[in-house]
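Shared between the two complexes below is chain A, which has chain B as its partner in the first and chain C in the second.
Moving on, here comes the complex of A and B:
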């Protein structure tokens, strides 16, 4: 249509925003580092199972006996577990479920958060009141006990535990995004768009979403970190699927074996990886949120 | 939720008529209801009681189609240059939006004409810029271009230059003034600054607490202000001469002192020329066919003991304040 040929369509704007956002992240050394760590985790999640020297549940035998709790060596750079599994291989396999939990959980959090927050903020009135009271109810739900009950009812499964995380943790983002929309609604450029006859959909797509995007990205990143962390907690408590070898399940197995104090090579690496990944997501989200918030809002040139 | 709703009356009883090629100014202090009035006129807020009529028809009876025609014909420019443009949109995208809303073709040409009209030259240097790459004055010009790209017949301007520095103000005002003649625009220009209003507008209404207290052709209002409030406003305009002899404005207080709950004249609590008659709300009086004022100093029949004082210019700071 003529819309696109004039190169003023929303797609062009979104593409430019992504370009500028990425340039902003890469303009700072700390955010670049966090991004690199995250990319590394994604690569591991993608190729981990292929480059792992052993299967994640392959017991290694030496002289016909299970090679239990071997200290790190050339053959097993991170040693072996009580069951004789290669720790490095389990770590490589574990990247995928951990990263997947994060991305799906974070995605669910921000999707529900945006839907509820933008709808409440934009339409206001009773819609706002109803949605925000619902959010308050979700705020009242204690996460871990709720997850325990729900997962018990729905049976333990990898995807159900992600769903439980995502369908509870959207509450923070919904509240803050609603507040952002309320602010934007009163901005003169939004009023000018209304005065010009632009409809709700157009204004939300054209003005509201691009301007709350930095905040939404921040909540997505925080959500990813949170989801990974809570999945690890649920795994550690034994409420996640024990057959999916996520990093959280590894820590649980090490703990349950009763040998955690001796076999540091078993429990520490997954713990460190969880912490690094969560910190990277959260710090990237926070830093990006504040950098993008400072940029182009009229106070700086 | 929903209980304890308070009604705040921001604007009351304002009658205005706009005509092509004429700029009508509205002046008043901050908080007197100027911006609310513009929101109502732009159809952004609804009116309770009273009506906005457009081409002889009340907007309350508008169909969707009428609204679109109205929105194409009536445009608004806002005060704050830092918030009047979407920080995420380029100049081209911002100006293209109204065209897209109204499915108008040959956008390139129209966008360029609009940018040309607001004297951002060369045009190509500005089209792909983002708001943070522009100065305050340039942003306001883009806002005006966005408002003019649909070739409206009515332009509502909410203090479009009040946040700019003085030299930029003058440039934009003279540009606006030639655009009004060139495009035969009806302009409603709202400001707290009576000097910019005097520069641009052909006629002026003075607003106090949501009501128009005086309206007259600009020269008449600046030369012979009738309402005590208008006189105070005009006295407050700075004169760029440190040795100029002048009288200080006698006004104290702010216009929120419970004024709206008063049964008498809204300005009664601050007026230097207050009389007992001011306990009643004054009716508008026509001093000339085009000069109307709402003040008891000019009402025909004096009420019993109160003698009407005819004010002498220059002697209006009585009251010992």
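Moving on, here comes the complex of A and C:
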């Protein structure tokens, strides 16, 4: 009855794969934890600015004087900064840019990586050689120095700096995905599909992409983690737009204020949040990759 | 053995790449928004001083003449004047290169030694819980932002425990004491060692995961090879077998060592900024923030040259380790 139609539609296949992937992630306690942290970060990014008790740039006054570096209390669960801002509110505002950077950067990384990797692996020959030389060149680029020079000298904003990060970091995924496609090309079912007269697009969409999906998901997760990491690093160095309220900018302000020995509640929370989010994405990606059978391929990247 | 032709062709490629990088950077910074003139003269300078300035800095000549002059000067260790300090770039960068190098080279070397041991340990226990948790812990460390590692170390060991200084390379008193001594005298003081410890630990800790993961993967590959079976049959003890396996598994480390150095060199930008260490990474950030183009250009070239040269070294080592690789590949 419905067996045939359920099994054959490409959409249905993808839906089934998503369900399986999710079941795989939820079958392990560590990956479930990471997924929960990530979902928490997404919720914060969505509702953070609404539930923040104070405005982002609202200076708190007590008896007409700025409430500087107040220790954590009920009114200010994470204390205040030197400028008298509420740390918790700033953290809640900061979730959105950080998560947005990760998702956009990771999306860009895996899009370019898939495009380059699959094209090179599938077409082979000169196309492959040219694309892989290009990837080699990107491997030689010293990441942070290059990003600093580009972002700072071109005076670029939030979204363009994400684009710079994404366009630098796709190199790992392209190389590994290409190798994966090369292996798939030699599989009997791909050859059979070709023998029946299926075109390139059809074989790639129906047979290649579903099979490299676990690896692509792994690189997407790693890409999200790395994008957040690089954005935070650039913000910390004072290179990225200081008016975007990201956690990296917060760490920088706290560090530069020279009050770290007195006000641990200012510098540590954003740093811990960045580290937790990056680690969650990277660990989830790698763990999922190894559970889906990519052991040894991507674990060293 | 490596053929002369192989070395020759790789050397030629390397020289070409260095020249290409130099040229690219020259034109890249000329085409940046805001000319040298805008950066170095205040807005609304009178035409006369602008003319004098242009004449002094050779900005009246066509671009290719400027480029030629730049190349010739560069070969004589002259990379121009820094805009913010009005001093030769080479003089500014030389000491900072040394500072970066003495920090990053021993730290990465130690991370390879420690990482090799850790990688072998978790590789030989890969099916146990300890091996799995060890791998998890390594990836955790590898995903931490390096500036955060630095901040944590400063918070823990210098602010709360008060064991180490928070920033800088030597105390001002030491600098004053040895003002007239040889330039390397301050490096031999205990004060320098105290300043050195935290950034050193940060780099070792932060870059430990890479050699460990490499060794682990390579160790697992090696234990699947047939010679293990042979050694077992031949009656070698597990300990003796482990020694053989580790020897085989450590091959990739040799080739990846220079690569790690280049990554760490890029990452030094963050470590040096956190610890206020006067190296080229910190200099790059300062130069970028004050738009000191000659310095940016030169520091970036140094980092790129390091990447290019270490790739050259890796190729040569590959050639020695695996003679099947030839210049034709």
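The rule is simple: the second predicted complex is superposed on the first by the 284 of 301 C-alpha atoms of A that agree within 3 Å, B and C clash if a C-alpha of one lies under 4 Å from a C-alpha of the other, contacts with A are read in each partner's own complex, and residues count from 1 in each chain.
By definition in this document, contacts are C-beta pairs under 8 Å (C-beta built on N, C-alpha and C of every residue); 3 or more make two chains touch, one makes a residue touch a chain.
A quick note: this is a predicted structure, and the numbers were derived from the prediction, not measured.
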{"item": "First, second, both or neither for A:232, with chain B first and chain C second", "value": "second"}
{"item": "Touching partner for A:283 - first (chain B), second (chain C), both, neither", "value": "second"}
{"item": "Which superposed partner A:115 touches (first chain B, second chain C, both, neither)", "value": "neither"}
{"item": "Chain B versus chain C as contact partner of A:271, first or second or both or neither", "value": "second"}
{"item": "Partner chain in contact with A:291 - chain B first, chain C second, else both or neither", "value": "neither"}
{"item": "Touched partner set for A:145, first chain B, second chain C, both or neither", "value": "second"}
{"item": "Interface residues of chain A shared between complexes with chain B and chain C", "value": "296, 299-300"}
{"item": "Touch list for chain B against partner chain A, complex", "value": "1-2, 39, 42-44, 67-68, 71-72, 74-80, 82-90, 92-94, 96-98, 100-102, 105, 107-108, 130-132, 143, 146-147, 150"}
{"item": "In the complex with chain A, residue positions of chain C that touch it", "value": "32-33, 136, 139-140, 142-148, 151-152, 154-155, 159-160, 213-214, 217, 220-221, 262-263, 265-267, 269-270, 273-274, 281, 284-285, 288-289, 291, 296, 299-300, 303-304, 307-308, 311"}
{"item": "Footprint of chain B on chain A - complex, ascending", "value": "2-3, 6-8, 12-13, 17, 126, 129, 187-189, 191-199, 202, 206-207, 210-211, 295-301"}
{"item": "Chain A to chain C touching residues, read off their complex", "value": "30, 140, 142-146, 148-149, 152-155, 225, 229, 232-233, 236-239, 251, 255, 260-261, 264, 267-268, 271, 274-275, 278-279, 282-283, 286, 296, 299-300"}
